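Shared chain: subunit A. Partners: subunit B in the first complex, subunit C in the second.
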Partner chain A sequence: MASTLPALAIPGQRLGPVASYSAGPGTHVQQSNVYASIAGPVVVDPAQPGSKAKATLSVSRSIRAPGTGNVVKPVTTSAGAKPAATSAPPKPKLKYNTLPTVDSVVLARVTRVQKRQATVSILVVLDDPASTQGVNPSQTASDNDNIEAILSSAANPENHSSSDELRFQALIRKEDVRAVEKDRVVMDEMFRVGDIVRGTVISLGDQSFYYLTTARNDLGVVMARSEAGNMMFPVSWKEMRDSATGQAELRKVARPF
Partner chain B sequence: MTDRRRINGPPSGTRPAVFAASLNSASNIATGRPQRQRQPNELRKIFLKTGLIPSASGSSYLEYEPSASLAAARSSPKCLIPPSSALKLACTVHGPKPLPRSATFSPNLVLTTHVKYAPFAARKRKGHIRDASERDLGVHLETALRGVIVAERWPKSGLDITITILEAEDDRWWGDAPDSHDAPWGIMNVLAGCITAASAAISDARIDCLDLIAGGVAAIVADESEDVEAKPKLMLDTDPAEHRVILSACVVAYMPARDEITEIWLKGDSSKALLGTDYKRSGHEALLDGAVDAARGAHSVLAEAVRESAVRFAGLAPGGGVMQ
Partner chain C sequence: MPLDTSTTYPLTKLRLDGRRWNELRLLQAQISTNPASSGSSFLAMGNTTILCSVHGPAEGRRGDATGGAAGSSGAVVEVDVNVAGFAGVDRKRRAGGSDKQSSRIATTLRAAFQSHLHTYLYPHSTISIHVSVLSADGSLLAAAINACTLALVDAGIPMPGLLCGCTAGMSGSASTPRDPRNDELDPLLDLSLPEEQELPFLTVGTTTSVPVGENAMDDGEEDMKVSMLNMDSKVHCTYVETMLAVGIDGCKQIREILEGVIKGSSQSR
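Moving on, here comes the complex of A and B:
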C-alpha cells in the first residue's frame, strides 16, 4: 500500500490514511484520513524501526533552516516504518507552533520588576529544550521574525515600548525565580528592566499573562546591560560584570554553556 | 454619527456630469446598459495574490475581471460614467497576537473581522466610520470563517481580519432609478469576494484551517426580453449591473474538500421563481447548487494562489536571507 505524498500541501488536501500515518502538527484527521490544515511542505517523520508507532505526517510552518536544501522532496513511503530515512543527515529544526505552550522554552524581555513578580514580554518561543543548551539564536528557526534583530534591539534600552502590545506577556513570580532559598529572593537582585531572560512556561496562566519559571541552572538572564549601558558578561550564577567598567551587578544568571 | 475629525466630502456623493448628447436618444440609454456576455454558468476571471502586505502576518488581494461592457466603454467612450464596476479588495490578517487586557480568558482563537469600503469604492461615497451594511458584512464573514478555522490550536490569542474594499460591485445599473431594485445585490458579490480573499490571507498567515473556503454567488434573474412566457434563469456569478431584474440571489461559503457550507445568505424570493423545465429542482435548491458551483470555481483559483504562497514561503528561502 504505497502512497505518494505531495511535496507541498494546501489546507484541506488529503495526505494519507490514518491506518499508515499519525497526524502531526499542521494536520488534522477527518474520516480516517490525515488532511493538511496549513499550506507548506509536507514532512514525514518515520517511526523508530521496530516500534509499532506509525510515521508522523506534519506540515511545516517555518522557513527551512539555512543550508538544508533537500528536506522537502516528494516522499514515497510504504506504510509503516521506513528505516532508510532515519540515517539521513541531521534534520533541520522545523518549527510548528508559534504560541508558547507548557514546557516550551522562551526568550523574554523584562518590562517591569515588582516586589513579588517580574513582568516580561515573550520575544521568541524556542522549539525544543535540547537545542537550547547553548543558545545560538541564528540556528533556531523562528517563524516570522529575525531573532538576531529582535535580540539586539531588545537589549537596547531605547526601544522598549515598540511592540510590547503585540507580544505575549508573562509573569515570573518571586517563588519561581530559583529552586533554592525561595524565600530570600529579592526581585531587584534577580532581574532588571531590559534584561533578556530564558525561562520555561509552567502555565498558560490567566487571561493576560503566561507564567514562567527560571528555577533551573540553564535558565535565567542571558543578556543584560549594566547601569552604564554596556553589555555584561556572567561571572557566577548570581553576578554579571560590566565589560567596560568592571562593575558587578546581581542577576539570576543562566548557565552560559 | 458625524465624523468631526476629517475633512469629509459631500455626504450625498457626487456624480459625473451626464451630457445631453449622451441622453438624446432613448436607444442610447438602452444600449448603455451592460449586457452579460458570459454563459449562464461562466464565471468572471479572478485575480488573487497573497503576501502583498509585508507588515501583516498574512494578506491577499483579489480582483474580478471587469465586464466586457466596461472594456468596450473604455475603448469607445460614449459616456463619462463607467457602465459597470468590478470588485477589488485587499485583506490583511494580523495575528495570532495576545488578547487585549480587558478580554476574558479564552482557550480558543478569538476571531475579529472588519470590512470597510474605501470612501471611493462605490458610486455613492462611504464615510470613514463603518456603517450598518459594513458591520453586517463583517458578521457574515466571521460566521463563514469561524467554521473553517481550527480555533482550539491557538489558545489565548486573537486574529484580526481586516478587509478594505477598493472597488465594490454595483447594486444595479447606475442608469436605473435608485429604487428600481428592492435590495442591494452588489453586497452579495462583495461578501463572496471577502470570503475567498480572507481564506487566502488566513492560509498565508499559516493559521490552521479545515479547508480552503471559497465564496460563490448565484442569482435567479428574470429574462431581459419582453416575452411574458420567458422563464427566469439561473445565473452564476452575476454582475448586478448586467441584469434588469434579479428575483433572488444567494451567496455561500463552501469547503469543497469536505462538501460543507459554513454560511448561506439568501436574498429575495426564490420560491415564486418558476425556472424553466430544464431545471429539475425548485428555485431554492437550484440557487444553492449554483452558488456552490460558483464557489468551486473560485476554489480552484484560491488553491493555486495558496500553493503559490506556500512555494514562495518554503522553497525560495536560500541561505535564510529572505526572512527580512
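Moving on, here comes the complex of A and C:
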C-alpha cells in the first residue's frame, strides 16, 4: 500500500493502516485504517527512536503557524522511513476543538459574584494540562482563536452578555477558592465581576455548570481592573494594586510566573 | 404542446433546462462565508441557493429538553431551516413560523447528521445548524445536505466522511412495471423545481464507506455508503434501483466537487 500522506486531509480520507500509525486528534480508526475526520493538514508525530510506539497521525485545523504566517509544512514521511531530523524547527501550535475536562486548566471571566459562589464563563481551555504550568495564554491553542481579543473585550456590558452566554458556564464555590482558611473566605474579597481567573476543572458538574477550583498558588485572578477601571498588578497573594491610583483591592491572586 | 419534461424529453432527450439525463446543474460553493459562526458555507446548485452556518459545539441551552440528559453521551444536533419568503416563484408572506416543507427538511437533516457526526467527542454540548434557503429551485434537501456538510467541515466537527446529497427521478410517471425490452423512461439526475413537481424522484445521501476485507488491501477508489434516503412521490418498485444507482453516481460527482471546494479554501486560508 502506498504510504505517502496527503498534505491536506478531507474527512473520510484514508491516511494509513493502524499497523504503522496510531490515531491522534482529528482522526478515527475504522476497519483497521486511520481516517481523517476533519479537514486540514496532516501531521505525523514520529515515535521516539528506540521505543516501540508507532508514529502518531493527526489532522490539525490550523493552516498557518501562528505568528509566522507561514503555511504549516505537512510532514510526508513514509511509514518505514526513519523519524524526521532531530533538529526540528519549533513546533507550531496546532488547533483542535477543545472541551473542558476534569483537570484541564481554563481561563474564565467572572460574570457574577454571590455569597457562596462565583459564576464564571470559560473563555479558553488550555490544551495539554501537563505542559500548561508555565504557559502564557496567548500561545495556547484552542478553537477560540483570537485569545487576545477575548480577554481584552472584558468590560463591555453590551456584548458582554451575548458573547459570554454562549460559552461554557462554570461555578467556583466558596470552599474551592483557596486551600487554607476555607471557612473565612468572603467571596467579595476574592473575585470581582470582569476579572479573568485561571482555574482547574474539578467536575463536569450538572447539565448547566462546570465546577472550577482556584485552590492552588498558581490559580486565581490573573487579570483585573480596579474600580477606577485601570489594570491592576499583583502585590501579594491576596492583594492587587491599581497602577495609576495606587489603590489596593483584595483578590485571590494567582502567583505570577 | 405543454412545455414539461415528460412530453419534451422523449422527443429531444433534453430536459427543460437543456441538460441530458445524467448531468448535474452547476454546483458552486464557498466555505467560511460568515466569520461570526463556527463554520459556514454558501452553496448554489443551479438556481437553488443555500446559506448554512454552524454554531458549536457549544453548551446546550439551559432548560432545553435536548440539552439535558439526552446530551450526556454526545453532542445534540439542532437544525433550523428557514425558507425565505422570496425563495420561490410566488412571493409568500408567512407568519414567522416554519412551514411543513422546511420542518421536514430540518427533521431529515437532524437525523442524518446526528448519526453521521462523531458526536460522542462532545458530551453536554449542542451543534446548531442554521440553513437559510435563499432561492428554491428543486433538490432543496440535497442542496441543504451539501451545504451543511461544508459548514460542518469548516467548523472542524469530526465526521467519518463527507455526506453528500443528490436527487434522482424518472422521466415519466413510472407507475406501471418496467418493461425491459422497451425502456422508454430514462432516469434523471439532479432535478429542478418544475421536474420535481411533475416527476417521481428520490433524494439520496451517501458517505464514503470503508472497504472491507479483500478490498481493504487495494488502494482503489472508495465506494459510497447510502446513509440517507428520502422519497415522497410514488413510483413502481421496478424503477427504484435505477433511480438509486443514478443518485449514488450523482453523489459521487458532488463529493468530488465538495472536496475541491474544501481543498481550495484550505489552501487559500
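We take it that the second predicted complex is superposed on the first by the 211 of 257 C-alpha atoms of A that agree within 3 Å, B and C clash if a C-alpha of one lies under 4 Å from a C-alpha of the other, contacts with A are read in each partner's own complex, and residues count from 1 in each chain.
Here, contacts are C-beta pairs under 8 Å (C-beta built on N, C-alpha and C of every residue); 3 or more make two chains touch, one makes a residue touch a chain.
Here the structure is a predicted model, which is why all the values come from computation and not from measurement.
Peer 1: So, on subunit A, is it clash or fit between subunit B and subunit C?
Peer 2: With subunit A aligned, subunit B runs into subunit C, so clash.
Peer 1: Is A:11 contacted by the first partner subunit B, the second partner subunit C, both or neither?
Peer 2: both
Peer 1: Applying the touch criterion given at the start, work out whether A:180 contacts subunit B, subunit C, both or neither, answering first, second, both or neither.
Peer 2: Once the two structures are laid over each other on A, A:180 reaches no partner at all.
Peer 1: After lining up the shared chain so the two structures overlap, which partner does A:208 touch, if you call subunit B first and subunit C second: first, second, both or neither?
Peer 2: Both partners.
Peer 1: Looking at the overlay, what does A:99 touch: subunit B (first), subunit C (second), both, or neither?
Peer 2: Both partners.
Peer 1: Is A:33 in contact with subunit B, with subunit C, with both, or with neither (first, second, both, neither)?
Peer 2: A:33 contacts subunit C only, not subunit B.
Peer 1: Share the list of subunit A residues that count as touching for subunit B in one structure and for subunit C in the other.
Peer 2: Shared contact residues on subunit A: 8, 10-12, 14, 26, 28, 30, 35, 37-41, 61, 63-64, 97, 99, 143, 166-169, 204, 207-208.
Peer 1: Name, in rising order, each residue of subunit A that touches subunit B in their complex.
Peer 2: Touching subunit B from subunit A are residues 8-14, 26, 28, 30, 35, 37-41, 60-61, 63-67, 72, 97-99, 142-146, 149, 165-169, 204, 206-208, 210.
Peer 1: Enumerate the contact residues on subunit C facing subunit A in the complex.
Peer 2: 38, 55, 57-60, 62, 67-69, 71-72, 118, 121-125, 153-154, 156-162, 207-208, 210-212, 216-217, 219, 222, 259, 262-263, 266-267, 269
Peer 1: Show which residues of subunit A lie in contact with subunit C when the two form their complex.
Peer 2: 1-2, 8, 10-12, 14, 26, 28, 30-33, 35, 37-41, 61, 63-64, 95-97, 99, 143, 166-169, 204, 207-208
Peer 1: Applying the document's contact rule, which stretches of subunit B touch subunit A when the two form their complex?
Peer 2: Going by the criterion above, the answer is residues 57, 96-99, 101, 103-106, 150, 153-157, 203-204, 206-212, 255-258, 303, 306-307, 309-311, 313-315, 317, 319-320, 322-324.
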